[in-house]
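After this come two complexes, each holding chain A, first together with chain B and then together with chain C.
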Partner chain A sequence: MSQRKRPHNAPSSQSKGARNSMVLLADEDDDVSYTQPSTSQVQKGLDRLTPAQVDLKTAEVVQFIFVKDQKKIPIRRADIVKHVVKEYRNIYPEILKRTSRTFETVFGLSLKEIDSKNHVYILVNKLDPPDGELLSMTPSNPKTGLLFVILGIIFMKGGVVKESMVWNTLKKLRVDPGEKHVDFGDVKKVVIEEFVKQRYLEHVRVPHTEPLEFEFRWGQRADIEVSKVKLLEFMGQLHDQDPQSWSQQYREATTPQASTAPSGPVSQR
Partner chain B sequence: MARPLGEVHKRFLQTMMAKGIIDGDKAKALLRHCCETHGAPINDHLDEFIEVINAQLQPMFMQIRKGMSEEDGLQYYALVNMAETDVTRMSSDYADNELELFRKKKTMDLIVDSDTGTASSTDILNCADSLQTKKLKKKETEHVLNRLVQDEWLKEKQGEYSLSTRCIMEMEPYIRRFYQDQVKLCHICHNVVLQCQMCENPTCGIKIHVPCVARYFKGRTDPRCPACEDFWPHEIPEVNRPSSQSQSAAKEGRAPKSQSTAQTSKTRRS
Partner chain C sequence: MRRASRGVGDDQGTARQNGVSAGRGGRGMEGDDDEVLCTAVDMQDDDNDPTRRREIRSKYRDLINSVQQNREDMLSPTNNKLTDVLEEANKLFAEVRQAREAALDAQLLVLATDLGKEKASQLHAEGSSFDPSAFAENLLSFMGLNRLEDEGEMSGGYLPQDAWQKVGNRAQCCFRTAPTFHYMLGSFLAEPPPPRQRIARQRNAPSKEAKRIMPTQLKKMEESHQEATEKEVERILGYLRSYFADDPNSPISYYEFVIDPFSFSRSVENIFHTSFLVRDGLARIYLDEHKLPCIAPIEEGEVEAGGGSTRQQCVISISPKTWKEIIEVFDITEPLIQASATQVDAGTVDPEPQHTD
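Then we have the complex of A and B:
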């Protein structure tokens, strides 16, 4: 579907002079790594700016994140700073706080940090998926079905499966990864590149294997966005089986777990 | 400050983000659906509901805007960027020379300057030679045009390109500002008019949207220009019936091919 592109250089109401100096600064600072400013530095920075300037920068960050999220690409703090925040980097924590609040209060989305070392974020939906829908964020996308089959295989096998097993199972469902599929195109590419980049799946090399072997696990976005109960219901329909008959998985799906899902229990509500 | 948004508002907005543009009937159906999903009382005041959302979107330079499609005369709601704009929504998806091809002095100019609100592929290909940023080859230009159609900025019919409904809704302020000398307003509904019928009296030359033509001349046997009284020499299209209950066209959030109602954004039907 056409989840819409949002602009990346949102409105610039700054004067010409300000915009020019912004460009200059950005070029010089491109490779300088970002260091988190202290609370007092942030306060000093805020004192020097008008509220309108801070609002404008926040709007630009919101737009930037929407553009990335539209392709479900995780957003790196480094990119936000480099491409949008630029010379406002001394108040970055404040801008991020406001951005995050805007996503929650206006759009019903939550900005989640999925990698606290490299500061990588994704947007997750705070609203429950409508009845019968697996995910709120991807309306009627055929790839969602493919993703759920694979997440299902991994879940049923206890959290990790060999790559070859995924391809074999798909073949049984008449999706041949070696052939071009009508809906998905290059299936292997969708799974290994797209789903992995979107953090729905992890695709890692099994150590000490010759020839190389890979395995799949759930990615962080799946942990946050995908309800295991709904997934089991989906598997039940696929195999024409009562989801409760997979007793171990059913128990896991219905037990609220603290470890896997980070702070936002979107999928468990 | 603006009223806080509830889950009904947020779900409505999320769907608008995903679809970009929907017609009035679908917008009403969507509002009903969002109310039901959250067990809220059914809300029939769509425009007031959207005002509440818009108040919150304003600091983000976004807005859900209401407007008429030049093609089918239907009322549409589109989520637009108000950033007075160098076509900001595009800037992340297109290279500089591709943007230049679309923008001022190129495709947009051809469309706005034309009598019909369209530009031929030949004319667009010709102006691709004079791009300042970086020239585009014929093949590349055709590829960019295809993408612009796919992303629903442009519409293509037999080699003629026009601006999509959503594009006009989003860029109306931009068009009014940068083309104030060229662009005309519809004599009936006073909105920007691109695809239209035009009075052939050389001292008059007013333009009227095709759906506005249908509504205005309905039932008149001797159609005359509302400004100069000259004979109106064009075919008068039928006024299309509203399709309030039609579900078939209501599936996608795109401008439907089927025609439904002639209505303008300024006049409310009784």
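Then we have the complex of A and C:
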């Protein structure tokens, strides 16, 4: 399929060929079907389409991302191209730019690329969450509580904790990873699979350990979505302690770090 | 310590004592005096007492086990369990004589060091430390844990049903999660709907059931089929004998006997069943003066004699066309072998017999 589309993308040239092979190396499986077109190619593609056609395609991408975001699993560019953009792939950068603009201006959301190598996006709320629990419009999920506990431990422990510490703490909270939980079901699966897939958590092997040991860190989505200041405030409330007394954590929470947000809102690249 | 080992003057002792000083380094020096005493006194008798050795090793293993089991508690900055363990180990070490015990001691030391490292990492140079146990306790209070019935340390108290919902509500503001999108009137699920799985499961379950049933069913079928064949063969033998008895002198034409003018398939079945009679030596087929096959039963007495004679086989083929020809040529109007009840029920494609007797 990709073979058929490529000539449509652009007339073949030396530089294009080189870029193709680069993409092949960098991207996973079906992303090969997409090659980043150049600005002039985009312009050429746009000239051939009516504005209405471009708007329609943009709306389709917006809807696709919304539906995909229901599960909070990051959205891959390869999927967007494969399922929605299709024959418009030559103007993909323009469509993504417009999609991003729609999310920002219409919905107050921000489309962020969390993995610039594999081109993976997430949607984040741009608006500050309302203060106080009762003002929240959407009923929260108990899983948010679970996630808070885990992210909280990791953050308070300096960014990385052993898996065993998480399970032990959860056990104290009457959540036994070995048993079915009323709210969470298979807790282990939720934490190690769902949260990791959603990129809230990273679950990695500690090298050179026997038996195997794993540790948890914050995932990219957590870095972008979770406010460390607010988390620390909640911690303070729980411990009846001034958040600033955890000076190290407080400093980390209040100094904006370049690394916490890998990239700004998606712009034309 | 060196002096002690030199005093004893054996190589084993030297090696051990070197191990001692290396292993001891981190644990402080206060135990040294005791050790010198112990090594000097116990050396001779205890060195090779296997029971005593085993006891030491067992104690070490218990200690290692308890450290591994209570790891998280030991990490808590609020207690001195790690120190207790190290003191215990110091006591045990006083009696260590052999490499195996020393290896266990080293193993414990590795654990203790690891714990020490983690404890150290809790002590951030500045600010409060964070204790997950205290965090859990505070969170339980926040969840509305009813501690009235609190008895045990861990499982005491009653946690309300909305405990996690409560945490979720409070924690919600920490997350800048984009609200998820829902169709107001519902939608098709984005993923293959669960019914599909159910179908797959249903398909699986009966197949298991069927597998279990299959063997018995098959057995029955074979049995009944065999029985039916035997019965049919006997029935045909009965017909043959009665026709023969009616007029023993006139030969019975084989074709007239087996052909059913109303049913090709029944004719084939008759041929099939009749062949068993011949095979079992209950009937014989011979050619009359016109070279046409005739069939006659073999009487009980003859069976023995016939059994010895060489038997010939031949294959009879019949097609609907030859079947019709035979009916015409032999002018067959009635089947000599009446269709059995089951055959009539089977309702073959052939026209039903016009009339029965």
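FYI, the second predicted complex is superposed on the first by the 216 of 269 C-alpha atoms of A that agree within 3 Å, B and C clash if a C-alpha of one lies under 4 Å from a C-alpha of the other, contacts with A are read in each partner's own complex, and residues count from 1 in each chain.
Heads up, the rule we're going with is that a residue touches a chain if its C-beta (ideal position, glycine included) is under 8 Å from a C-beta of that chain, and two chains touch if they have at least 3 such contacts.
Keep in mind that this is a model prediction, so the values were computed, not measured.
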Problem set entry | In the superposition, chain B vs chain C on chain A residues touched | C
For this session: May I ask you to decide whether A:Arg89 touches chain B, chain C, both, or neither, giving the answer as first, second, both or neither?
Result: neither
Exercise. After superposition on the shared chain, which partner residues are touched by A:Val67: those of chain B (first), chain C (second), both, or neither?
Worked result: both
For this session: In the overlay, answer first, second, both or neither for which of chain B and chain C A:Arg199 touches.
Result: neither
For this session: Check whether A:Glu225 is in contact with chain B, with chain C, with both or with neither, and answer first, second, both or neither.
Result: second
For this session: Return first, second, both or neither, reflecting whether A:Lys112 touches chain B, chain C, both chains, or no partner chain.
Result: neither
Exercise. Looking at the overlay, does A:Leu146 come into contact with chain B only (first), chain C only (second), both, or neither?
Worked result: second
For this session: Name the contact category of A:Asp183: first (chain B only), second (chain C only), both, or neither.
Result: second
For this session: For A:Leu173, select first, second, both or neither according to whether it touches chain B, chain C, the two together, or no partner.
Result: second
Exercise. Of the two partner chains, chain B (first) and chain C (second), which one does A:Lys57 touch, if any: first, second, both, or neither?
Worked result: neither
For this session: Jot down the residues of chain A that show up as touching in both complexes, chain B in one and chain C in the other.
Result: 66-67, 109, 125-126, 130-131, 136
Exercise. Which part of chain A faces chain B closely enough to touch in the complex?
Worked result: 1-11, 55, 58-59, 62-63, 66-67, 102, 105-109, 125-127, 130-131, 136, 139
Problem set entry | In the complex, chain A residues that touch chain C | 66-72, 109, 123-126, 128-133, 136-138, 140-149, 152-153, 156-158, 164-165, 168-169, 171-174, 182-184, 224-227, 230-231, 234-235, 238-241, 245-250
Exercise. In their shared complex, at which residues does chain C touch chain A?
Worked result: 71-72, 121, 124-128, 130, 132-140, 142-143, 154-155, 159, 161, 164-182, 190
Problem set entry | Residue numbers on chain B that touch chain A, as the complex places them | 4-5, 7, 10-11, 13-15, 17-20, 37, 56-57, 59-61, 79, 81-85, 88-93, 151-152, 253
